[in-house]
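Here the chain labels run A, B and C in written order, and each chain numbers its own residues starting at 1.
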Amino acid sequence: MSVISDLDAVAQPPNTTRSEARKWANPQVLIWAVVLFLCLTPFILIFAVSFGHKVEGAGWVWGFSFANYQRVFVGAEWPDQVTWLYLQRLYYSLYYAVIAAVLAVVTAFPFTYLMTGLSRRAQSAWLVFLLSSLSLSEVFIVMGWDVLLSNRSGLPMVFKETGLTDWLKAVGWFDVLREWGLANPRNVKFKTSVLATVLTMSYLVWPYAVILLYPPLSRLDRSMVEAAHTMGAGPWTVMRTVVLPAMRLPLVGTILLLFVFLLGVYVAVTVFAEPAKQTMSVSVYGAVRGNTLNAPFGAAQAIVLLVTAAIFLVLGQWMNRRTAS
Amino acid sequence: MILRSLSNLFLALSAILLALPIVVVCGAALNSGRTMFFPPKEPTLSRFYEFFIAEPIWVTALGNSILIAFGSAALAVLLAWPVAYGLWAKGGRASQVLAGLGSMPFALPPIVFGVGLGFLWTFLGALGAVWAGIISHATLFLALPIVTISIGLQSIDRSHLDAAATMGATSSVIFRTVILPQTMPYTISGFFFALVLSFNEFIVMFFVSASAYSTVTLQIFNSLRNGYTPTMAVAAITFIVVSLMVFSAVARWGDLPRLMGAEPAKP
Amino acid sequence: MNGLSLTGIYKDFGSVRAVENVHLDFAQGELTALLGPSGCGKTTLLRMIAGLELPSGGAIRLNDDDITALPAHKRRFGMVFQNFALFPHLSVRENIVYSLVISGTAKADAMETGERLLDLVQLKGYGDRRISALSGGQRQRVAIARALAQEPDVFLLDEPMSALDAKLREDMQVELRLLQQRLGITTIVVTHDQREAMTMADKIVVMSQGKVEQVGSPQDIYHRPENAFVADFIGRANFFDGVVENGQLRIADTVLNTTPAPAFLNGSGVRIACRPELPCLDREDVEGSRLNATVTFVRDLGPARDIHLKTAIGPMIVEYAQGEDQQQYRVGQETVVTLPAEGLHVFPEEKAVL
């Protein structure tokens, strides 16, 4: 029940309400049309294009075949030959995204909890810092981590200069690192590695995690926590029995949103992941505008990526609703 | 007591880790050579001169970045207002669906939306047009002003509208004299959020620009294979400074915690 | 007639009837208080008078013109809201002259009216302040000045004192009443505080569950309650349940005299109310029904003293003003309480269900 509509209802005798409604309807129809056109048609187009096929030298043409989807799931030569190449890319998309999202939320949660306990002024300062970091382009963040992790400068240099590398060799842990792909014969190396990829991706969404966890945590009733303290619960017990149960829904929701966002990460993966462990978004890019130039195939992969994201979102929703009831 | 210092340690550690790559990039901007080192070798400020004045590639890109950021942020606010207003004044399922649709591009992987927009502009013959780039970013970041304006509208005390009505204000006068001025800080915040994110975005821009023009971040993205140069680090510094300034301004003149979803401050 | 009148007004929210068949007249220049517990429909009634809510049925007339369907912005009844609803983005002066500015009054005239009103509510020199820089009492004055700026036909106040602290509240009640009398403006105040209503009102309308229970002067309402709800809600009362027998009241084995004799059939159940200041203790010279009593508790409030008693007809409280009683009472003490025959209000039993 809104005051505005109430006032309008009072202002208009019944016989003029219809012309009033028509006057109202026009801008409404316009805004619907604009939003539908801009926000929905791109996705519809991807879907439509994904059934077309590539023409050598002339781009692509419309069509209706599932060949592109077949290629994603079992390879172009199926049934004679099966390749899991693109499913493997999808697997790495999910693999990186899940680990990075969980890592970001697990570390951002205690941070946000502590931050929301600060004064409003201090919170403002932190938010400025976080938002600046959040809005910072992926290219700059990757640039920073690239310098930090590259073999000629940054951390590997620090390891070598401080003698940490020699110490690692001496105690024998260096071989373990080599087994994990985190060292070459002379020094530790982080490029290229799963570790560097996941860490950078996690860093990328960490401010988002804080921003998403901020509203529910700042609205958390602190007197509830104090009540638990007066009943003899220590800090960890309070966290386990009061805060975490109240935060379960926001936590799951945040992980899901970050996960969907991370499915689309491109630069961090191309820079830090090994060529054999690239993701589907890299492959979408390659197909649409990169070397392979097969727009319908890229579109099909984009749809697979979207559907995967949708499945996870629906699953998460369903899990949340089930445990809530 | 121990717990308290542990907490502070954790907060400080988070701050350091969050700032680390940014500091490294800033330091690298001082390199005099063509490659990035940290700590910088033979520190110099000549990279700043290159970025802002000497090299036409960067100067043009910066101009495009600014044009697209301001244009798309303004357009996003204009589009977001009726959506948010409908949601607040009328409510109902239809308004929620509209707001959801408007927020969808921001929530989904940008690479997918970029590919779709690339197709769309190809069909309309606008691929590579700067105005198409502006509309693309406005759509991508529409969610931000929708959210901030909605928060602003929700913060209006409904009794203010009743009070204005009893003093002779019609709905349009109420809109002009009460609703608009009271939501202005939130509208401006939404504008700046969209502005800063558009400034930094490159994936969608990559697909809709079709190499016809380039923005700063897109330029860096395009030269990724050739490695990073200290001039790019100068760009990074510029962008960080812009973000810090914008968000500090929002925090100074608006209620940033409230905007981010905290309870309204106690008076 | 001159003034405001409501005939057969009712309001439904969905299936809930918030206001039920209200007939009321508000005479020109009178101050009427709508008094009742929260949720009794008094604010809804006020909002319908302001034009902020459309009645589901009935008619509102001002000086014989039907204004039922007239929207709030055309009625222009000045209204003071519970939280004052002052615009934080405007200064004190801008708030006060808001109605003049939006109706296109010349700037100089509006400013002049603004100064006059600031003076009227004793806020001279505060015109350029921000609303956030004012105290609660000052905010209320601004809200009053703002509502009066358009020289309204009817002045409405919704719980105007609820945002003020207790001390300030009493002062403002007197001040507001004096201001209203000076301006001679038809005024309606919604309140749940009977002291506030009695301090300010010419006429009190007691409401409960959407219905008007009684309309009358403060003295009428207090001394001649028409039903058990009013007797209970206004002031304090001791209640007893009994039956009518041969023109007398019987409660358990005790028989009480009452004048005038109860107008009920023999044997009908009744609810009896008695204000605590009317009975007396150990007084041979007062006429009335005498009962043996035991003191169970004594509450000394300074200006008055409550003596809690246990009697054959149930517990009761007797209130003595300072200096009125000669004797000190202690818990456990035996005494005799006299209930004067004219001090008992008799209501039908079904009204007893509160």
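By definition in this document, a residue touches a chain if its C-beta (ideal position, glycine included) is under 8 Å from a C-beta of that chain, and two chains touch if they have at least 3 such contacts.
Since we're looking at a predicted model, the values are computed, not measured.
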Of all chain pairs, the one with the highest number of C-beta contacts is A-B
Most central chain, judged by mean Cα position vs. mean of all protein Cα atoms, is B
With centres defined as the mean of Cα atoms, the chain at greatest distance from chain B is chain C
Rounded to the nearest Å, the gap separating the Cα centres of chain A and chain C is 60
Chain A and chain B have mean C-alpha positions lying a whole-number Å distance apart equal to 17
For the pair chain B and chain C, the C-alpha centroid-to-centroid distance in angstrom is 55
Touching at least 2 other chains, the residues of chain B are 162, 165, 170
In chain A, the residues touching two or more other chains are 3, 7, 11
Multi-chain contacts in chain C, i.e. residues touching at least two other chains, fall at 51-52, 71-73
In the complex, the residues of chain B that touch chain A are 3, 7, 10-11, 14-15, 17-18, 20-22, 24-25, 28, 36-38, 79, 82-83, 86, 88-91, 98, 101-102, 104-105, 107-113, 115-120, 123, 135, 138-139, 142, 158, 161-162, 165, 170-171, 174, 193, 196-197, 199-203, 206-207, 217, 220-221, 224, 228, 232-233, 235-236, 239-240, 243-244, 247-248, 250-251, 256-257, 260-263, 265
Residue set of chain B touching chain C in the complex reads 157, 159-160, 162-170, 173, 177-178, 181-182, 267
Per the touch rule, the chain C residues reaching chain B in their complex are 47, 50-52, 71-79, 81-83, 85, 87-89, 98-99, 102-103, 132, 146-147, 149-150, 156
Counting only contacts in the complex, chain A reaches chain B at residues 2-5, 7-8, 11, 27-28, 31-32, 34-36, 38-46, 49, 107, 110-111, 114-116, 120, 123-125, 127-133, 135-141, 143-148, 152-154, 203, 206-207, 211, 214-216, 218-219, 235, 257, 260-261, 263-264, 266-267, 270-271, 281, 284-285, 288-289, 295, 298-299, 302, 305-306, 309
